[in-house]
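Take a look at these structures.
In the two complexes that follow, subunit A is the common piece, with subunit B as its partner first and subunit C second.
This part shows the complex of A and B:
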């Protein structure tokens, strides 16, 4: 058991460190800082609503930047290792594929968490410099963004194992991200529809992860706190992607 | 080998379990897409708001656009030059002394902001206040407030403003000022409404209350035009008080 944990930690740490050493990581961080700083302009235009605009824009930009990096990282993680033959070296040793995959996913999630934390620190500093405190529900917004990133990163990892290129993985995952945010609208349409169309929409509701459920950043009114029950679907979707990815990885000949 | 065969089934079950758990957690609390009425060039923005789960952010951006629209002078039909803003000190340059004008897109854009985020209290108050007190369109102002109240029934400031608009229609400035008073200390209260309350208090001779509101505007607003006006009014009130026995 200890050996397995140690293996898991080694793979996750390697994935995390190679992620943070990546030039793209720096590039995304610089972009995030620039984008968050640019949001000051919109904030100033909102005059007395500057705090709200700065907060909303910063959180959205942070999430989109972390999403871009997480998707890119997840869609290339296994592909790059296969191309550089590193994966053959790993699997020539007694490393179970399940642990390897869990380590890769864990590393990607750690990198996303680090990105969010760094950008949040920059964002809060910026807010402070403009004379504002920590916005309401800020922690919940970050937690929600992280959970959404966890779902979509694991989905991208799963897709990367059967798609033909990193670009197609990015596109498929991007579409899933968009569909995930449309889930409440799809539910509304399903309730209005009748017959076969209603059945099709209701089935689709189960097949698309409802990311809006985890979207505390955009929560309406005072309902910004993520309910503990929201963790259940997030964990289920991550687990499903992991199991699906493991199935595909087992079928590959390395 | 057998475990390998079970993996896709386990993955599918886990995915469906996630869907079931999510379905039991209810809706988003936002207006449905059918409530979104497109205004000029808003359709693609609305798509972005829904696709990226950023209704709040897009409501913010539409609110900025609303203020820009209201801050842009209307070209008068009779060809007269734009009047300059005097008391009660609007920083926007409208055709009219106090933000009057037709601004035909003001109501649709205001409603659009609230269709994206009906919990954006400051936007509802700003829009309704401008419509009722500056543009003399109380019915439109009430429509804005009622839309917001349909989603946020506990918004007491909306109810107070509704009452103030009612008193304004019946020509009772003292009652309007009294209805506005409780919301003035709220951080969400638009400076425009504070300005209106100060002006009404001055009009009914309640100079101490007017001075207190102007002092609050000068101390808290980030809008330099309102701050400058509040300082001017404070000076006027101080010199008038010096002249009074």
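This part shows the complex of A and C:
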């Protein structure tokens, strides 16, 4: 058990450190800072709604930036190791593929969490400079964004194991993220449809995570805490993608 | 304990390459059977595309055979029990350029199941053995090809494996680096470790190995023992040229 934990920690730490050392991480951080700072302009134009616009735009930009980074990082994580042959040095050792995959996923999520935390710190500082406090439900909004990143990162890792390039992984995962934000609308259409179309739409909905559930600030008033109905599907999606990726990885040759 | 470090029995490996108009197949190894005795240095010679790297990847569990059986110390190469006893040096190993050698070795040591004081001791011993100690303060990005190869060997030695699988260990190195690596491999073999190495350098194989396998287009063309090539008029080179022509 100790050995397995030590292995998991080693892979996750390596993934996290190589992620944070990557130029991509710095580039995205700088971009996020610029984008969040630019939201001040929109806030000023909103006059009496400045606090609302600043917080909402900031959170949206943070989520999009972290998403773009997480997708790039997850799409290339295993591919890069295979291209540089570092995977040879890993899988020629007694490293269970499941532990390696869990470590890689854990490291990617830690990196995304750090990126979100850095951006949140910049955002809150900006709000403070403009004379505003911490917006309502801010923590839950960040938690929702992180869960979305967890779902999409694990999905991208899964796709990267059968897609032919990092670009196709990016595109497929990006489409999934977009579809995930329109899942309730698709459900509405499915209920209106009839016959074969309804059946096809309803079946397809099982293959798309409902990411709208994780938009904590969409809930009104103080009820912004993410409910179990949002948390459980997100965890199930991460687990399902992990198991799918593991099934592929166990069969993969290098 | 198995008396053979590695045994191949009727092994075939076919690569499948998916394409738009259907998959294409390439058979890299055909009906391959041989053994690598424990404690010996065995060489693998062959032209490009003869299947040398495929054999090494099958031993290390990176590839799975299409047919036949591969055993490493009596286990399947995918078993942790087999992998724990094998050290692998791929051709042109890559290490993150920003790392110092000890950091890279610590990572691979931890993947080999070492931690705490045992890991520290293993990293120190591997660096000392491969002559990396004077370069401990440098980053991998400052390393020459020879030093990278030493680091590659060091990571393969960390867990004191009984079998070292080395893909082109002296390729592209200067004569001094070749001399040092040859000395290191000889000392490892003197400790009872089996070494299985592939090379394009017949003279290197001749100096190090007690037995050589010659591969031609995925088939084992000849198994030559030291006494045989020493007795042959053209030496190992003559036997090799005759086998591959």
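By definition in this document, the second predicted complex is superposed on the first by the 245 of 254 C-alpha atoms of A that agree within 3 Å, B and C clash if a C-alpha of one lies under 4 Å from a C-alpha of the other, contacts with A are read in each partner's own complex, and residues count from 1 in each chain.
Please note the rule applied: a contact is a pair of C-beta atoms (placed from the backbone, for glycine too) under 8 Å apart; a residue touches a chain by one contact, two chains touch by 3 or more.
From a predicted model like this one, the values you see are computed outputs, not experimental measurements.
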* To do: After lining both complexes up on subunit A, report clash or fit for subunit B versus subunit C.
  => fit
* Asked: Regarding the shared-chain residue A:89, is it in contact with subunit B (first), subunit C (second), both, or neither?
  -> second
* Asked: Which chain makes contact with more of the residues of subunit A, subunit B or else subunit C?
  -> B
* After superposition on the shared chain, which partner residues are touched by A:215: those of subunit B (first), subunit C (second), both, or neither? -> first
* To do: Report for A:14: first if it touches subunit B alone, second if subunit C alone, otherwise both or neither.
  => second
* Go through the superposed model and pick first if A:3 touches only subunit B, second if only subunit C, both, or neither. => second
* Overlay on chain A, subunit C to subunit B nearest C-alpha distance, Å -> 11
* On subunit A, what residues does subunit B touch that subunit C touches as well? -> none
* Asked: So in the complex, which bits of subunit C are touching subunit A?
  -> 57, 60-64, 80-81, 83-84, 86, 88, 90, 92-96, 98, 107-108, 110-113, 115, 155, 159, 165
* Mind pulling up the subunit A residues that touch subunit B in the complex? -> 42, 45-50, 52-53, 56-57, 60, 64, 178, 181-185, 187-189, 205-213, 215, 217-221, 223, 227, 229-230, 232-237, 239-244, 246-247, 250-251
* Structure fact -> The subunit A residues in contact with subunit C across the complex are 2-3, 6-7, 10-11, 14, 18, 21, 84-86, 88-96, 253-254
* Structure fact -> Touching subunit A in the complex, subunit B uses residues 4, 7-8, 10-25, 27-30, 32-34, 50-57, 60-61, 63-64, 67-68, 117-119, 122-123, 151-152, 190-191, 221-223
